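Following this message is one structure expressed as structure tokens.
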Amino acid sequence: MEISDSLSFLLTLPLFAMVLSLFVPKGVQRVYSIFASLLFLGLTIYEASGILFASSSEVAGRLAVEHQLVWLPQLGARLALRLDSVSVWFVVLNALTAVIAFSTKGIWYRKNPKLFTAMGFFLIFGLNAAFLSLDLVVFYLAYESVFIPMIFMVGVWGEKQKATAVFRFFLMSFLGSILMLVSIFYLLSKQFKTGIGYSSYLPDLIPTAGGLQGTEALLVFFGFFLAFAIKVPLVPFHAWLKDVYTLAPFPATIWMSAILSKLGVFGMIRFVGPLFPGVMLSVQGVLLTLAAVSVVYAALLAYRSNDPKSLLAYSSISHLGFVMLGVFTLKQSGGASAILLSVGHALVSGILFFLLSKIAERKDGIDLTNPQGLASKYPILFTALFVAVLASVSLPGTLNFAGEFLVLLNAYPVSALCTAIAGMGAVLGAAYMLKFFQQMGFGAPSPESDSAVAKSEDLGGYELILVFVLLITVIFCGFQTAIFLKGN
Amino acid sequence: MIISLLVFLPLLGFSLTAFYHFSCSSRKKEPTVAVGGFLATGAMVASFCVSIVAWFKLRSAGFGDASIEESLFSWMKVGGLQVDFGFRFDRLSAVFTLVITGVGSLIHLYSIGYMENDGSARYFAYLNLFCFMMLNLVLGSSLPQVFLGWEGVGLASYLLIGFWSQEMGNVAAAQKAFIMNRIGDLGLLFAMFLGFKFAGTLDLAQLSAFAFRPDVATIFGLLIFLACTGKSAQIPLFTWLPDAMAGPTPVSALIHAATMVTSGIYLLGRLNPVIAQSPVVMSVIGAIGAATALMAAITACFQTDIKKVLAYSTISQLGFMFVACGVGAAETGVFHVMTHAFFKALLFLGAGSVIHALSGTQDIFKMGGLRRVLPWTFWTFTVGWAAILGLPPFSGFFSKDGILHETLVASHGNPVLFGILAFSAFLTAFYMTRLYVLVFTGDSRVSEEAKKHIHESPLVMVIPLVVLSIASLVGGWFGAPVRFEETHAAPAHGVSEAVIMVVSVGLALAGAYIAYRKYSSNVRMELSKDPFRIDEFYLSFFGNGVKKASSMVGRFLEDGLFQKMLQASGVAVDLGGNLFKTVQTGSAQGYLLMMVLALIGLVCGLIFGVPGYGNF
Amino acid sequence: MMTLEPWMMLVVSMVIFGIGLFGLLIRKNLLVMLMCVELMLNGVNLSFVAFSKIHHSLDGHLAVLFVMTVAAAESAVGLGLVIALFRTLRTVDSDQIQILRD
Amino acid sequence: MIPDIQPMKPWICLSAGILITLLVSVIRTESKRPAQISALLTLAASAVFGFSGISAESQVLMSGAFEVSSLTLVSLSAMCGLAAMFILGTGHYLSREKIHISDYYHLLLILVLGASVLVASRNLVVTFIALEVMSLPAYTLAGFRRNDSRSNEAALKYFILGGAMGAVFLLGSSFIFGATGSLDISEVFSQSGAGSAGSLLLYLGHLLVMVSFLFKVAAAPLHFWKPDVYEGSPTPVSGLMATIITSAAFISLLRLIHLVDFSPASAGAYLDLVRSTIRVAAMGSLLIGSMIMITQRNLKRMLAYSSITHTGYLLLGVLGSFDPKMEITSVLVYLLGYAAMSTGVFVLLSLSKAPSDSGTELIDLTGLVKRAPFLTFLWSVFLFSMAGMPFTVGFFTKYLVFMASLGGGETGLVIVAALCTVIGAYAYVRPIALMTMRDAAPGATDWEPTIGSQIVAVTAAGFVLLLGIIPNAMIQYLKGIPLIH
Amino acid sequence: MIDYSLLAFFIFSSIAIFGSLMVVFKKNPVASAFALVAVFFSFAGLYALMSAHLVAALQILVYTGAIMVLFVFVIMLLNQDLPVEDLKSSSPFFKAVSGLGVLVLVYALVRVAILARGMEPKGSLTEDKIAEQGGNVKLIAESLFSDHVLPFELTSFLLLGAIVATIALAKRKNVAGGLKS
């Protein structure tokens, strides 16, 4: 294991970018933020390259970078950052999502752009802190600090009637996270009573958590589980999601679906798994059922949606159900598959929402009840969208297929029934995603359907390159899954 | 790397064509059919040439169990699973490869002519993509790779059926095909999971050599068969195929007649050793195949759309092939795949030529007397007609007769199956002759509008017709290139092949005669109808079922329960707040009283709650 | 033979305290309410002296001295507040001061 | 015998300052300026003396009645600092309300003196007098807007209930005196350890004393006065109550709770009663405070309920002080953090130009981000801190009290507290949402940021953020402070 | 043989209790005030019975002489508008609950307070000793300026605060400036 303090750059750079954004003129905020996030992506990949492209798990394990800073000795909290084969994916995704989100265009670059950019970089900082931290208290801090930019983004640039949505999102997430905090505290106070003193460093807490028995263990576990289940979200903890996805501005939606939801997945893999292996095993049936039900339930709701954003929102729940199914197999291979699918889902949902924002720029008010016939007007845009849709329905050859396939493959020996239920979701997935694409793209374009303000340019330039690169990544990674699965 | 070359040539063609298409459209230029067609057809022809070379290479290795294997890279490797991306070229794959590349090349060529008016490079890109995926399906060395091809052809099929996407009807047909296939795909997916769980591998060679537990083999076989019913349009998942005729006719010829729909047979052939372990599966396959053959043949007799007739005919013929697989004579089924590919492609292309000539008319009751106007089409169509009827010496005769024979002699053979198939063959002769007579003979019923533009097809369309009619003629003479076993068991029922031959040809002729008598003169208009109405049943039961389920879930669970719960929690907190507020009356003395009461409670708590103070 | 004992004083003091509290609770005249507070304080004073007596200590007496002073100061301020209220509301009725409420 | 009063310098300085301020304002009667400056100087000098006097060892002076220790010195300095901040930050408010007179400063200084002596007192009589020295100016200041009947009403309610509870305190003291023959805290503590026959008398006295202080800190069900008094009082006075009076009362409460030695086995049952009393009070404060808070439209009233909720959290810390014994770091840290954010919030609130002082409503905050972006930022910092969001001191204060309470085995209570945090978060985030996400409603009042108030608010915000990121120093510093020795 | 002190106790305490009840139940505040005076006087008697002579003297001086005068002064000041009958306004239910609560509380307090009956004296200043050391007043005075100098000084600030407070409250007009009453 290598000790490196270059890791803290992953935290300080976004903060620096945030401060800097306050001094950048309003007109060039978009250019600045895209440039800065690209730079940050490059640096992240450079930083992570050792692990990212390691030939095998042993190599990656050796390369795992850990960095510790004393922070709160009295409370036993420290800045323990760790970049390893789990967190590296989420860190890279974080940087990548930022690029996608900043590349959108809209009111957030016209009204108060400095706040938007600053909030964006703060979000990157918070997420990175959460993904890197191996200390539960610091993780919690980072986990919760992510709310702040989200609230502002949805609240300031969201559509009308956003207030309720913001509060639901905030309060439900907060409810989950505060119960997690209570669980963390409970563990800490247990640990204190054994005479070790406080230390919220994960490896130090694992024995304490292992010492819990029966209902006690179940309740402490539930605190953690609830937080992440709300974040992901799993049905029945999902009710906050639709409104906030729908009413949020596009960059916020991209962030939420691509990376914020992964915070739940990450937490489940990084913290809940190691802390409560016994409890997880004893309630595995329930967990798998929840995941499988999420898949089908959300798919049915997506099928019913006529608003593209809410359709994609539900599809997000549905796909994350697959991810959670992988996590809940409680096998290392299942976890690895879940990470694989997470990456796929993050990329694809990022692209989908990005492209949807591009369509929304060109047409006011897309509604899926009438065919719009836009594909023939914007062939490149819709080709890209179609490829993304295919990836989303996990057509073989894409990263999502590899993920979904491996997840189901791993889940099947554990619970054939849940796998079968989730499999139904795949069929429904095809149904609603095709509906999504067809109603926007196909049919006869009616002349009056073009809004007067919309420009009729097809996708091009920087945006085309961005989308192209991302799609190629999705397909390339779909075949080169070894990058993700080394050694599992 | 010869196999990889032949697989990736169509992908190269796809990329080039797509690039050409987009470079044109971004410069606001119409992409021309000629360039796209040339690129795509070139790629296919090259691929065909390579596959012939590969064929000879395989032959030089001796047919037996020889195969050419190529492994490109490791695709997935996790938790004991090891999936390599690679190809295996053996006898079974070879037949399919030759058919795909060969017939594929011809249809590409044909399309240049057929799509000249409303085609674009996009169309050819899709065709190439389809061929690439289909080659993956038949050449893939592992089940996931087969699955890649399996869903990939579904995708190409979706794109091509919905090619004219301005019409939402076409799009709906495409979507239906995709989703019904997806249901079937689930079978393959779960077969893979089952296979991996028990055999620990997904490599096709290892998997088919694995001896499953009998019950597992049954489930595995049924799951595989479910996948096949989807792709090969068998009961219960056949209703998408007639609708798929919404696509351009060459597409129907290539995908929905010659190649894609036969992939079910490929899969059953490939996994035959496993399937054959379970008698249950075998009889299910046979029964479903026979039922499909009969049902589709009956339906075809009531169709008026030229392509729909051919579509039901395809379903029916696929039923024949499945029966062959089901009775344990997969090789005969594969033989029929090949001959069917030739003559059904020929028939479709001929129909396409007719439709092309009549500017899009597809109703056979609005045709008639086209013999004189479209001589090339007529003669080639005649060959196809003879082949599907099974008249000697046309190719269909050999393969169909083979299947009929196998139903009696093969290990899982059954006279009932024979009877059904024989009756289906009779019906086949009836509806094909009906079609033939209505289109080409008699008086012209063509509308005046269409008559103005009527013309024989251009050379690029005629050449494939001619080539295919030759193939349909001679295709049966060599027997199946794949003969798994040179001899089979002695006839169980003592019925000789000669007797069956006579019976089948006699039935065909009888059917043809009845049709001729009925339709050669005094043609009365008929309306197309579906005697079984299975499609409608599906629509109302499953289609609306899902819609209803979705809206019920949405209304009662989502809006009614979860969203309400969220609201209710807010309301509850609010209610609690208002409840607590009622004490906040503003009266100082009221506050004081509350405080005094609290104090009394506390004092009582001390006196009665603390042990020993109760009786001071 | 019964003699005067300090606990009797305690009983009186508690009763006076209680009466003061009761008056504070039910009287609506702010001036009388202030008087009732004085009653309560007096009750406590008596108990201080009684306990002092029991314990042979003078600390209770001292406490009473301070309490008296505090009571004086408190009543001065209280009366000042009542006067201020009377200036704005023209009333010394405690029922009239219920503007601030939920 | 002249007692050694050297360590009492800060208090003596404060007392002297009061007299000087009085004199100064008598000399120059036409202006309030001299009194203001004199008060500031007094507070500054006391704070400086207080800080410089802090040392590890503590001593008890005045025949055991007065404790000079790091706890009392830190409290004194903090209170002086807070008072100074309020003087600096709310002058404009006083002028606007036409109550900017020298008397305000006199009373403020006397209030601070009372509070600081209350904290240091180790004798029940001294505690009572100090309580009254603190309370009488508080009653008066609450009614300082004499022409507004609301202000008068607030003062009178506060006065009547405070007076009654003062009597309850005295009654408790007399019982304790009756049980132990002493009013000295150390003496009572040692007597109670012996397990004497009068333990019921002692315990009842202890209960009464505790109840009267639970009233002062407004723990449910003794909290009713708080919303009315906060709403009616001038905003800076509400701020003083939330900061100085709450802090002093809480520290005194801690001392008085531990007046009884719970260590003998015979005290176990009584300890249970005390604990469940505090538990019920904490739970009630949390639930009532947070649930009513979200129904409020008036900002000051909302902050009053918020402070009731904070009392609930503080009581969690108090519960934690039973086990491990008398560990009060969490309460001290919470008080400090809460004082910082309250100062900020009330100073900001005093900037409202609403026609009626108690009439600043939530709606007046709408669209503030456009009208005064910096003010919005400051508001957000304080409100987020109150909600306990990360990177503000509010998080760590909650952290510590939760930990303390869990250490005392109060898991259920902590879960309730966590739920109330969520409810409370809604109330705190809503104003932020109104400020940033809505356009100004018609009729929303203006806010006039003055330089003094901004300096104060920025200082408080800096404090909130700094301690939210590196709370080490604060925790380390307050960790060593003993309660009773 | 009658213990006169006991008799005196009964007389004084009866007056005190009766007087307090008068304070509470007399509708006219002036009557309440005069009842209160009676209570104060009887309290002085009770103190004297316990040989707390200084306290008894101060009781009369401070309470009757200062506080009651203040009350009566204010009553007179506000007299013309005083509502004479204000007992009706409290609801019977409220009164009943208050009465019951206070009864329970007083009962409990009395039962606990009389526990002190049999307690060992903690201090050593018996009456004899007090007399020996110069009497009640001397001892208290000494204590006041030695042990209790802190509360004593603090009280001075309390009074100072009360003065300032009262002036600030009772001033006719707010004048920006200072003490101008």
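A, B, C, D and E are the chain letters, set down in written order, and residue numbers restart from 1 in every chain.
Note that contacts are C-beta pairs under 8 Å (C-beta built on N, C-alpha and C of every residue); 3 or more make two chains touch, one makes a residue touch a chain.
Remember, it's a predicted structure, so these values are computed and weren't measured experimentally.
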By label, the chains that touch chain C as well as chain E are B, D
What chains touch chain A and also chain E? B, D
Measuring between mean CA coordinates, which chain is farthest from chain C? B
Nearest chain to the global Cα centroid? A
When contacts are scored as defined above, which chain pair ends up with more C-beta pairs, D-E or A-D? D-E
By mean C-alpha position, what chain is farthest away from chain E? B
Between chain E and chain B, distance of the C-alpha-averaged centres to the nearest whole Å: 102
In angstrom, rounded to a whole number, how far apart do the mean CA points of chain A and chain B lie? 36
Gap in Å, rounded to a whole number, between the CA centres of chain C and chain A: 66
CA centroids of chain B and chain C: separation to the nearest Å works out as 96
When you check chain D against every other chain, which residues touch at least two of them? 125, 129, 132, 136, 139-140, 143, 146-147, 156-157, 160, 164, 171, 175, 178, 181-182, 200, 204, 227-228, 292, 295
So chain A residues touching two or more other chains come to none
Listed in rising order, chain C residues that touch 2 or more other chains are 10, 17, 20-21, 24-26, 28, 34, 47, 50-52, 54-55, 57, 59, 62, 66, 70, 73-74, 77, 80-82, 84, 94-95, 97-102
Can you name every pair of chains that touch? A-B, A-D, B-C, B-D, B-E, C-D, C-E, D-E
In their shared complex, at which residues does chain E touch chain B? 90, 94, 97-98, 101-102, 104-105, 108-109, 111-112, 115
What residues of chain D sit close enough to touch chain A in their complex? 384, 389-391, 395, 399-400, 402-403, 406-407, 411, 414-415, 418-419, 421-422, 425-426, 429-430, 432-433, 436-438, 470-472, 475-476, 479
Residue ranges of chain B in contact with chain D within the complex: 573-574, 576-578, 580-581, 583-584, 586, 588, 590-592, 594-595, 598-599, 602-603, 605-607, 609-613, 616
Which stretch or stretches of chain E touch chain D in the complex? 109, 112-113, 115-116, 118-119, 121-123, 146-151, 153-155, 157-158, 160-162, 164-165, 167-169, 174-180
For chain C, which residues count as touching chain B in their complex? 21, 24-26, 28, 94-95, 97-102
